[in-house]
Each structure stands twice: as C-alpha cells, then as structure tokens.
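The same chain A turns up in both complexes below, where it pairs with chain B and then with chain C.
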Partner chain A sequence: MKRSTKRRLRDGALYALFLGAVATLILVADWSKIRHNFFDGGVLKAIWPELVTEAAKNTVVYTAEAFIGGLALAFVLALMKLSPLKPYRWAATAYIEFFRGLPALIVIILFALGIPLAFNGKALPGGAIGAAVIALIAVSGAYMAETLRAGIQAVPRGQTEAAHSLGMSGTWTMLSVVLPQAVRIVIPPLTNEIVLLLKDTSLISVAGVGIGQAELTNFASDNVVINSSPTPLIAAAVCYLIITLPLTQLVAYLERRSQKAR
Partner chain B sequence: MPTAIEVRNLHKYFGENEVLKGIDFTVDQGQVVCVIGPSGSGKSTLLRCVNRLEEPTSGQIVVEGEDITDPEVDLNKVRSRIGMVFQQFNLFPHLCVLDNLTLAQRRVLKRDKAEAEKIARANLEKVGLAEKADAYPAHLSGGQQQRVAIARALSMDPDMMLFDEPTSALDPELVGDVLDVMRRLADEGMTMMVVTHEMGFAREVGDKLVFMDGGVIVEEGDPREVLSNPQHERTQQFLSKVL
Partner chain C sequence: MTMKNALKAVALTSVLGLALAACGSSKDDNKSGSSSDLNLISSGTLTVCSDVPYPPFEDFDKSAPSGFKGFDVDVVSKIADALKVKLVIKDSDFDPLQSGLLLTTKKCDLGASAMTITDERKKHLLFSDGYYDSKQSLLVPADSSIKSIADLAGKKVGVQKGTTGETYTTEHAPDAKRIQFKDDGTMYLALKAGTIDAILQDLPVNLDHQNDPKEPGKFKVVETYNTDEEYGFAAAKDNTALIDAVNKALADMKADGTYQSIYDTYFAVK
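Take a look at the complex of A and B:
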C-alpha cells in the first residue's frame, strides 16, 4: 500500500471513530430529561433578575476588591523581595511561600470563622464577606507579588544603568523607567490572575453570607435547593463564562502581540 | 590642560576574580582617550568605574577635582555631569525619542518641559535625527538608536563623555554615522573616554591610546605611535590580530 493511501485510511478511521462517539452520545442521552432539569425555563425566569443584579454583580465586586487589594499588597511584597535589606526580603519570601502553599479555602475559613472564634467574636472589618475578601487579598497578593517581581526583573539591567548614568535616583529610575516597562510585561499574567480570582470568589460562600451578599455559586446552590432543579447551576456557569471567556481571549491576544513586538 | 579624570591605583574584584589590578591614568580636559584591548582585559570595567556603575574595590577616581569614590559624594550629581553611551544603546523603549532626551533633564536638572524639549531638539539636530523626535526606539535602526543615545547623554550638558564600545553592536554599514557624530563631538572639544575596537577612529581622533590586557595598562601613548610602533610584545600580538 502507498504511504499516502495509508495516511488517508488512518485519518478516515479517526474521523469515523469521532462521529460514532458523538452519534452514540446523542442517541443514548435522555434529551427531554436534560432539557427539563438543566434548562428549565420556569426556574430560569424566576431567578433571572436576581441572578444578574445581585449574584453576578456581587461576584464582580468581590473579584474587583480582591484584585485591587491583592495588587497593592503584591506591589509592596515585590519591592520588599527586591530590597537590598535582608530582613525585608526574608519577610516577603516567608509571606509569599506561606500563602501560596495553602488552599485559598482554608485561609478564608481561618479569616472568616477562625479569627472571631479565637478573639471572642472580634471579627475582621466587613463581617464574614469582608473577612473572606481580605483572605482572597492575602492569597492573591502572594501570587501576584511573584508575578510583579518577575516583571520588574525582566526589565533589562541596561535600562537601570542608563537611567543611573543620567544621574537619575533609584526612586525615579524605578518609577519612570523600570515600572512602566514591567507593567507591560505583567499585564497578561495579571489578567490571568483576575480569571483565577473570579473563580475563587465561589469559595466565599463558605464564610456564611447575609441577604443580598451571595455571589454566583452561593446563589446558584441556594436556588438548586429552593427550586429542586439544577438549572440555576447552568445559569451561573453561563454567567462565569460570559466574564471569563473575553478575559482569557484578551490574554491570548496580549501574549500574541507581545511576542510580535519581540 | 587641567585634568578631567584621574584614576589612582584602581583595583576591582568580581568575587575572587581581580579584573583591574592597579590602574593609574589621567584624561585631560578636551582630550580624547581611546582604550583598546582583548575582551576580558578590564577595559569596560574601567570605564564603568569612572561613573561608578561598577563599584571600585579600592583606589581613587577623581573627576574634576572631586574624589567620586568618597562615600559622602552625591553620586547622582556626579553622574549627571558624565555622559555615558552603551554598546546596547539602552534607550528607554516605552518613551519616544524626545521623551528619552527630556526625562533626565526634567527629573535630575529640574528643567521645565519647554526648555528640556528645546535642548533635546537641538541635540537631535546635532546627531542628524531632528525628524525622529516622535519615533519610538524600536522603529529606528541600530545606528540611529545609538545617535539618539548620544543625543540623550548630551542633553544633560555633560562635561565629559564615556563610550563603551559604541559601535560594536552595529551592522558595519551603520558604524560610520555614529563615528562621524563622535568625531564632531571631539572637534568641539568634548572630553571623551572611548572603549573601542575601531582602530581607525583611535588613530584619527584619539589624543591618547591606552592598551589594556589582563587588568593592567600595558602601554599608552600617542595613538599613531602606539598603533604603528608598539613597544610591548603583548600590544604587538594584539595589534597584529586586529589590524
């Protein structure tokens, strides 16, 4: 048999296998049950307004708070890690390794439930939600600190030397030469971090939240019970994807662009 | 001629490795001193010690009468008087050419925007790139980038200029433009210390040639003299390979 014939036969078999798998799935699946349970129009109509104005909104707000707080923390940690003074470097390293090594869930439970328990009900500001967001800040700050440090260090040494040779101080060199270039380098990984944070806000539900404070996952799981239907989960999943897909596409675009610039 | 740079018994270690083993030399005001030597001879390290981009291990460097190895010296002020041009240009890629030239003027010399831009444009004119003020470094050729880098250093009105192999990263056909700019600068009386492999430039423009090898100055003197009649065996060996 000729090589090209062999290749055509092999590709044909693979296509047939794929189509067969899809066909089996379509035939075997109980479509009416799936439609009835996961895409229940009545349930969807009932939860729809709150899903968007409350749950999705809260998810976005918690994500934004955690990201902005985490970024500020990460900036301080990154500068500490690059400090010529050893105690600062050690402290930053210890913090980063500690919080990167823990599951975010345990940190949230610790901040939201552990601290009030330990200190006679003295809680972190903002109640359970506040504590949970602070926990996300603590964790994401550790991750983003490493990203920022890597970005700052990725700016070539010659840039700092050129600025110094012009008589610019360390602070001005950092502010007007190094950081503007580092920011460009870290935008794609930081956008990724937003996506991860957005998904991590689903962990907040463990803190126990009040009326009007539920984020998407919490809201969906409550409504699964209320309506005894899994449809709210699908609705929440669609909400997550509407936010995350454009962001991941943006990251891919930014990475392609920065590769071209090189 | 008063002395611009005086180096006394300069030693520099990188860890255990001694790269400068007691350097003594002077650059007079208005003089063009070219430093040549094989790679690893310490010539770039010496140049970088003069504005303390490298920290000397011991010895003194006196710039216009001021000992810049003194820990109390205002290093930023000293550096603002010494222009430096790097092999890799090191323009700021996130800033357009004009902003590259005005940044340090405004931050260090506290010039206002209009004045800094006026000086920047004058210096761009000088290196023949007035029309590139709004371009970004990535859109310039290597030779243009290096001329912008020279204009950036000149915009600080330095008393002297250090050149660290300014043409080594350039395509051969772009070297001439950069050397022309440097030649004009020398003609205007700028004090220059140039680490280079361009023997032609050293011969025509240099007032003094320094040959370094193994962390010491092996031979120095009038460039034409040293290049055509080297006294030391190591100088002869080196020149026989590069000329």
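Take a look at the complex of A and C:
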C-alpha cells in the first residue's frame, strides 16, 4: 500500500469514528424529553425580555466594573512589584498572595457582610452588591497583577536601554515604551480573566439580591423555581456564550494581528 | 402509559391492603406490609433528601446514628421504623428538591425539608398529609423602629429564595425592598451586619435567632402570620404507595402520642 493510501484510510476511519460518536449521541438522547425540559417555548417567552434587559445586562455591568477596577488595581500592584524599593515589593507580594489564595466566594461574603459587621455598620459603597463587585475587583486585581508583571518583564531589556540612551526618563520609558508593548503581550491572558470574571459574577448573589439586581445565573435559578422547568438555565447558558464567544474570537484576531506586526 | 397504569395498580392494591389491614384488629401490628411494595430506590431503605442545616427542622449531629437531628429527622425516623425500613438521610439543595428533580430522578424516595405544601409544588410532587402548621414571622433588631409588617415600606427585608416567606412579603409588604438570599446563614449574617433591616421567614427559624445564645436580647420576633399552610413530606408524583404508607404512619404517630412528644421537644411554649 502506498503511504498516501494508508493515510487516507486512517483519516477515513477517524472521520467514521467521529461521525459514529455524534450519531450515537443523537440517537441515544431522548429528544422529546430534552425539548420538553430544556427548550420549553412558553417558559422562554415568559422570561425572555427580563433575561436580556435585566439579567444579561447586570452580568455585563458587574463584569465590566470588576474588570476595569481590577485592571487599574493590577497596574498599581504590578508596578509596585517591580519597584526598586523593598517595602513596595513586599506589600504588593503580600496582597497578591493573599487574594490569589482565597476563593472569590469567601472574599465576597467578607467584603459584603463581614466589613459592616466589623466596622459597626460602615459598609463599602454601593450597598451589598457594590461591596461584592469591589470584592471581585480585589481578587481579579491580584490575578491580573501577576499577568501584567510577566508582560512587562517579557519586553526585551534592550528596549529600556535604548530609551534611556535617548535620554528618556524612567517613568516616561515605562509609559511610552514598555507598557504599550507589555499590554500587547498580555491581551490574551487578560481576556481569559474577563471570561473568568464573567462567570464569577454568579457568586455575587450570596451577598443578597435586591429587585432588579439579579445576574444571569441567579435570575435563571429563580426562574427554574418559578416555572418548574430547567429551560431558564439553558437560556442563561446561551447568554453567557453570546457574551464570551465574540470576546474570545476578538482576542484570537488581535493575537493574529500582533503576531504579524512583530 | 402502561408503566403508569401498572404503578397505579400497585398503588391501588397497596391502598386496599392497608384499608383491609386497618379493618382488622387495631391493636395488632398492622403497619404497611413489606417494604417491597413501597417503590423504594433501594429496597429496605428509605432514602430521604433534606436541605441541611435548617434548625430546628434539620441539622447536623455527628453523635446521632443517621448523622442528623431535628424535628423532620425525628419524624421521618419514626416513619421509617413504622415502615420497617432503614433510614438514610442525604443533604441536598432545596431548589431541585422542591422542583421534584431529585425525586423523579430517583436520588431519594422522600423529601423532608420543612417544605410547605403549595399548589405550585403539587404539580410536580406528591405530598403527604401535613405534619406541621407553618407560620411566618418578622424578625428585627431589638432597637428597630419596625413594629409590624406595615412599617416595612422602603425597608430592606431579607427573604429566602423560592420560599413562602418571599411570597408572603411580595403579597403583604409590596413596598418593602426584598433582598433575596440563598440560605438563612448569610441572611442572618446580613441582619447582624445591618445590610438588611428585617427577616421575614418561617417562625421556628426566626425563634432560633431570637433565642440565639451568642446574641442575647439583640433580635426579636415582632409579628407572626398564619398562612393556613402546612409542611408536608414529598415523593415523586407517581409514588402513591409510599405516600399512603407515610400518611398511615403519621396518623398512627398522632394517635399514640409519639408525634406530640417529638413536637414538644422542639416547639414547646416556654
């Protein structure tokens, strides 16, 4: 047998295996039950407007707030970690290790309910939900700080040296030469962080959810109870994918572009 | 369809059996025949799902043989005795329990989780006779200006998701700001922290907070509300045989005073 024939046979077998697996899955599944439980049109109609205008909107808002706040915090922490002054480095390291090591759920409970308890009713701004978002900022800031630091250190030393030799100051070199290149490097891992944050917003509800404050997961699990049907979970899952898929695709595009630019 | 009919037939015969047994001597051991008639997921064992902890109805207790304690636990263990089966209690979430998911997928035979019998739940569950009259109540800090449900307008009221307390608040205090919590633990913490002004939920749980030995005199129940609702044990929609046997055991317990003595252990008026 020729080598190309062999390869064609092997590829054919692999295709057949794949199609067989898909077909088995489709044949074995109980489609009437799946449709009845997971794609109940009546339930979808009942939750449809609020699913988007309230739940999905809140999820996006909470994620955006947590990401922007976390990124700002991460910049400060990353620069502190690279600082030549020891106390700054120590403080940043301690902060990062502390918040990276805790589950977001515990941090949310401590920020939203523990702080008012410890400080005699003085709470973080924005009510319980605000405090929960700040908790996510604290956690995601710690993660992203490490990402940013790695990005900054990945910029070749020669860039800094060249800037210095042109007479640029340290701060200006960092802002105009190092950081722009570092950001390009860290965009893919930062997107990962957005996707993780998006899912972590489902933890916010532990702080107590007021009217109009529900995010996707909480909204869906409420409506599972109200309608006695798991359909809302599927609807929420689709919403999450509608938010994340374009994001990951955009990053894949940016990555390809930055590969070319180098 | 035939499967359902078969089940119905089994259920019917067991009901008849029970009725006949009841006609016989009342003193004799006329419990429920053999446990194989009860459609149990594992023969000889009554598997009960409960959302633990929810004291005083269900709570962990390492020293107890089942690993759990509480009013529901005591009542179902007496029922298991009457049915002559072993009792296994599984800690589970309330949502899948009340939506019937855990029962239809045969994760457990019976739900015993301080669950109020409602028409909505009856669509997906088969309830036993009521075993406890549920009352709602309003818990506030002792120095609060809230004296009754009428004072709740604009105040933040903690409610547990999907509970009667939430429905009651929506209907009777529509101007209150409802804040939903997943469980009583974080909700009570929120009341202590002052992020909510009151808790509206089942009376026994609020009484527990009022009598919290760690916070003496800090919280009080200012109002209780009759809801004409009862707690019931729940089984899968088609498991009539089991519910009939449970009802029979409950009736016997109420008749011979066992129920009252369990009740007094937990809810005796002091």
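Here is the rule we use: the second predicted complex is superposed on the first by the 221 of 262 C-alpha atoms of A that agree within 3 Å, B and C clash if a C-alpha of one lies under 4 Å from a C-alpha of the other, contacts with A are read in each partner's own complex, and residues count from 1 in each chain.
The rule is short, and it goes like this: a contact is a pair of C-beta atoms (placed from the backbone, for glycine too) under 8 Å apart; a residue touches a chain by one contact, two chains touch by 3 or more.
Bear in mind that the values here come from a model prediction, so they are computed numbers and not experimental data.
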Partner chain(s) touched by A:A64 [first = chain B, second = chain C, both, neither]: neither
Of chain B and chain C, the chain that contacts the larger number of chain A residues: C
Which of chain B and chain C A:A150 touches, first, second, both or neither: neither
Chain B versus chain C as contact partner of A:G210, first or second or both or neither: second
Partner chain(s) touched by A:R184 [first = chain B, second = chain C, both, neither]: first
Footprint overlap on chain A, comparing chain B with chain C: none
Residues of chain B defined as touching chain A within the complex: 51, 53, 76-84, 86, 88, 90-94, 103-104, 107-108, 138, 149, 152-153, 156
Interface residues, chain C side, partner chain A - complex: 95, 98-101, 120, 123-124, 156, 158, 161-162, 177-182, 186-187, 189-190, 192-196
Chain A - residues contacting chain C, complex: 109, 112-117, 121, 123, 127-128, 205-211, 214, 218, 221-222, 224-226, 228, 230
Contact footprint of chain B on chain A as seen in their complex: 156, 158-159, 161-169, 172, 176-177, 180-181, 184, 261
